[in-house]
Amino acid sequence: MELFIQQVLAGISTGAIYACMALAVVMIYQAIDHLNFAQGEMAMFSTFIAWQLIEKCVPYWLAFVLTVIISFIGGIAIERIVFKPIENAPVLSHVVIFIALYSVINSAAGFIWDFTVKSFPSPFGSAPLFGSSLISAHQGGMVAVTLVLLLLLYGFFSFTRVGLAMRAAAANPASSRLVGIRVSWMVALGWGMATALGSIAGMLIAPVVFLEPNMMISILLYGFAGAVLGGLTSPGGAVLGGFAVGVIENLAGTYIPVVGSELKLPIALVVIVVVLVFKPAGLFGRVVVSRV
Amino acid sequence: MSSGSGDGVPLLEVRDVAVRFDGIVALDGVSFKLPKGQILGLIGPNGAGKTTMFNCLSRLYTPTSGDVLFEGKSILGRPAYEMAAIGIGRTFQNVALFSRLTVRENVLIGGHSHTTSNFFGDSLRLPSARRTEAQLEKTANELMDYLHLGDVADRPVAGLPFGTQKRVELARALAASPKLLLLDEPAGGLNHDEVHELGRLVKQIRDDRDVTVLLVEHHMGLVMSISENVVALNFGKKIAEGAPDVVRKDPELIRAYLGGEAA
Amino acid sequence: MSAHEETVVHHDIGESPEGAERLIAKPAAPEAKAGLQLRHFVFVALLVLAFVLPAFTKNFVVFQLTQTMVYAIAIVGLNLLTGFNGQFSLGHSAFYAVGAYTAAILMEQAGLSYVWTLPVAGIICFILGFLFGLPALRLEGVYLALATFALAAATPQILKLSPLEHWTGGVQGIVITKPDAPFGLPLNQDQWLYYFTLIVGLILYLAARNLVTSRTGRALMAIRDNPIAARSMGVNTSLYKASAFGLSAFYTGVAGALGAIIVQFVAPDSFTLTLSIGFLVGLVVGGVGWLPGALFGGAFLLFVPNIAENVSKGLSGAVYGLLLIAIIYVMPSGLAGFLQLIVSKVRGK
Amino acid sequence: MSKLLEVKNLRASYGQVRVLHGLNFSLEEGGVTTLLGANGAGKTTTLRAICGMVKCSGEILFEGKNILGKSTEDVARLGVAHIPEGRGTFTRMTVEENLQLGAISRRDTQNIPKDIDKMFDHFPRLKQRRTQQAGTLSGGEQQMLAIARALMLRPRLMLLDEPSFGLAPLVVKEMFEILTALNREEKASMLIVEQNAALALGIADEAYLLETGSIVMSGPAKQIGADENVRRSYLGY
């Protein structure tokens, strides 16, 4: 039983990483209605920018804020430069562009900062939290930051006019134009916000997994899984989903004999797929009913 | 015309059908019979339950209670995709065509339920697959002629005018040689001349092709001019039934449609 | 008032159809009656070219062309599922892997002739694909993407599992002996495998083309365009969707078997998600819903990373990505849409 | 009265099919104008052209300025509220959010709550359903919501595409009464496209008859309604 509790706690602390990423995933899904395969790489690139700033002796929190701003602008720029010209192309062509973007960013980061592992500082320190060796102060801080971000996003989408306009633009672009919403800018804004969120996720994750160009690959996958499990239409669900994925992964690794660390990801995914088969819109997602 | 009780089993019998969606009662114990060869109009204001009834008859919904009998046998144990094969064809309120396919392909798919083939035979163009294809092709050509779709046969349906799309849908439904044809607001979006033409066409189809028709329609003129019998629904309940001339004067129907003021 | 009944799905401005409609390039196939002769001419010309080509090229190029055709077969398989049936998959590397391992194990451990490994690989993949397609029936869009992605992620790990090592060779993989040309044909091994692949590919291509212009193929497309109407027309949508998964896996499995034979080697790490993504990229640049595009997609999959590598070693990934972006800019709907545009321009003049 | 909208030599095509062949018509400030015609005559295309939703050529003068070529959202921001066929409600948002969205481009945010209350006065049924998702409303209620949402823009011009489509006669009657009242009280100019010609002529001041992409007849609504030929081919009585 003690092992079980330990593993759950450990799962929650890794889950915080996934939850952070899942939130960014949902954010962009709300804005553009698909999953962005390049999102992990964008977060990685942002984190490198922060690292570079810190290396140049910029204080941590200033570097943090600067990175978020740069990422926000960078996200908008990517949307304007790369996606705006092909906004009418079929969805699968967009998916291919995500893949291309992934390749470009990963390769560029490796070129600029090379592939050696770098350490990234934590603003919360690495002391154990509440004397427990399972959750460190940094991981506790991550959970807190994730929850605060969630609250801010909820407030933004529920109570601001821009948030409402963004939701409308994503749900029904044609009608949104008819009420005067500049849909294409809403999409760009969504990109900016998602990239900014991703940069925060990256900076929180980097102290745990170390910084290198491939650091986000598996994390993005878990983030996707968390977002899909929680329901892509629900930011709160995505965060819960992220935590759940962390726990599932840990428990599977511990209790299923052949699994070992290699099979952790597949097992976690299989569990999620099984859940989806029974709850096709995710645990907290809205079912879209179509009638004839 | 008596409602078919004397002369054997009616083609369609709806028995006390009720449908509830989480708390909302869409149909509340509706019964009616449709004898073979008749045109029955199903009317009622918005939200009366007409389309819900249609969806029950084509097995897209399962009634909460009640039964639907086709040729005397309940259809409720069967899946939706078997309806075409047993002889129930339909059109859709907002036109549900296969938008990227051509008119011809749409009509060919209409014949799906009356033909057989499989992945293997179709991939290899086995003789049986060729025969199926020839048979489908023949039916489709005949129907496209019948409904004057020859000129647009190889155009994708997505770009065609609404009226033409409705005819394509009709052709697609007829390709399965249905015994019962369910028409969901066929006159929607048509102008006066087109509605008139449609009425003539529905009657002609009934006579030429031995089809029984159940018609959901807002266009009162059309329903009253071509139906032998009319069933009126309001708030999920049947409020009137009978010959058009009788139903037309039914006070409850007038109230449902025109509000209290109009007499 | 019952709110439920007349809540309709609006086609021109509703919410859900917009996304669904755009999954696939509008031009389903650049086919028109007038272009018939031209198309046939191009087909025959390409075929003749394909038959004489090995005589004039180096062995390595012959091998590359063979690999292109193998990828093209896998992409045709993915196209049947995604382009014609509207189901998305990131899991085709799994079927490719199963096909490859089937061929390798049957050849090296059971001593079966390479020719017979193809149908066996295909049938095994059909069954697996069909079985996978059953639960996948309940999933759509990104959810299906995640499920198929799980399949792709699990495959290399499962192949490495120690209980299976006896058959799979674990991380080491299996080395395969290259077959010689039969009947004393004056061809070297690479040339023979080229012709063998060409013939298999041709048969599979023609079968796919037959299928999509038949009753079964139309049922698949009907499900893609409007599943509810398809059911009302008598299409057993569940059966067809699962079968489409099976058929798609069949093609990809045969491609995997052929791939194993020509590469002479299988190992778990050749069959990762990257391969699935490659198939998807190949499908899109060739043209979703257009079968001949697969050849272009296969070539893209094989050659473009090499080209990128030649342009810049350090930034090859970036060059690859930029080339991909450039292609989508020039032809947003892949080669299919591009050719159709040209054809309509020429005819318009 | 001055001209609110002037359309000159408007041409539009879908792909290779020419839909509008040089349309000319104009709208009076504060008036109700109707565009009649058979299915496929180009009525919907005309409305879509005004809103920048289809590519077209010619001139569209709104308050004297050419708006042809402007984006849909910019046209909306000038005060043109288009209620498309099929209503275009945000089905997954609440009634109130839909109304908020109608006013999303307005700068005078302090007046919006007041205007929402006013809409609830015009359409009491929407008030009962203010927190309900728009997709769960009946067809008639959705049409009311679409009109209310359009009014939230405080439009100079409303474009209505087949407002009676798919509605029961009683609901249609009620809706047209509301439209008449709105035209009077809110001074909203309207351009209505209708297949139910009798209905549209009943509330319109001016009418244009469209036939395969060209105007074939125009004049005061009463006069058009009285024309023997028009009655026979379009009104059905």
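Residue numbering begins at 1 within each chain, and the chains themselves are lettered A, B, C and D in the order written.
To be clear about the criterion, a residue touches a chain if its C-beta (ideal position, glycine included) is under 8 Å from a C-beta of that chain, and two chains touch if they have at least 3 such contacts.
On a predicted model such as this, the values are computed, not experimentally measured, just so you know.
Here B-C and A-D are compared, and the pair linked by more C-beta contacts is B-C.
A centroid comparison over C-alpha atoms places A as the chain most distant from subunit B. Note: centroid distance subunit B to subunit C, computed from Cα atoms, is 40 Å. Centre-to-centre spacing of subunit A and subunit D amounts to 43 Å, using the average Cα coordinate of each chain.
Subunit B and subunit D, compared by their mean Cα positions, are separated by 32 Å. Residue positions of subunit A touching 2 or more other chains, listed in rising order: 171-172, 174-175, 288, 292. The set of subunit C residues that touch two or more partner chains comprises 1-15, 24, 26, 228.
Under the contact definition stated at the top, the residues of subunit D that touch 2 or more other chains are 84, 88, 90-92, 138-139, 166.
Considering their complex, residues 14-15, 17, 38-40, 138-140, 162, 165-171, 173, 195, 233-236 of subunit D touch subunit B. Residues of subunit B touching subunit C in their complex: 21, 24-26, 46-52, 58, 60, 79-85, 89-90, 92-101, 105, 108-110, 112-115, 117-119, 122-125, 129, 132-133, 136, 154, 156, 172, 176, 235-236.
Of all residues in subunit D, those touching subunit A in their complex are 51, 53, 71-74, 76-77, 81-82, 84, 88-93, 97, 100-102, 104-105, 109, 149, 153. For subunit C in complex with subunit A, the residues that touch the partner chain are 4, 7-9, 12-16, 18-19, 22-26, 82, 135, 138-140, 142-143, 145-147, 149-150, 153-154, 157-158, 160-163, 228, 277, 280-281, 283-285, 288, 314-322, 324-325, 328-329, 332-334. Interface residues of subunit A, counted against subunit C in their complex, comprise 29, 33-35, 82, 85-86, 88-93, 95-97, 99-108, 110-111, 171-175, 221, 224-225, 228, 232, 258, 262-263, 265-266, 269-270, 272-273, 276-277, 280-282, 288, 290-292.
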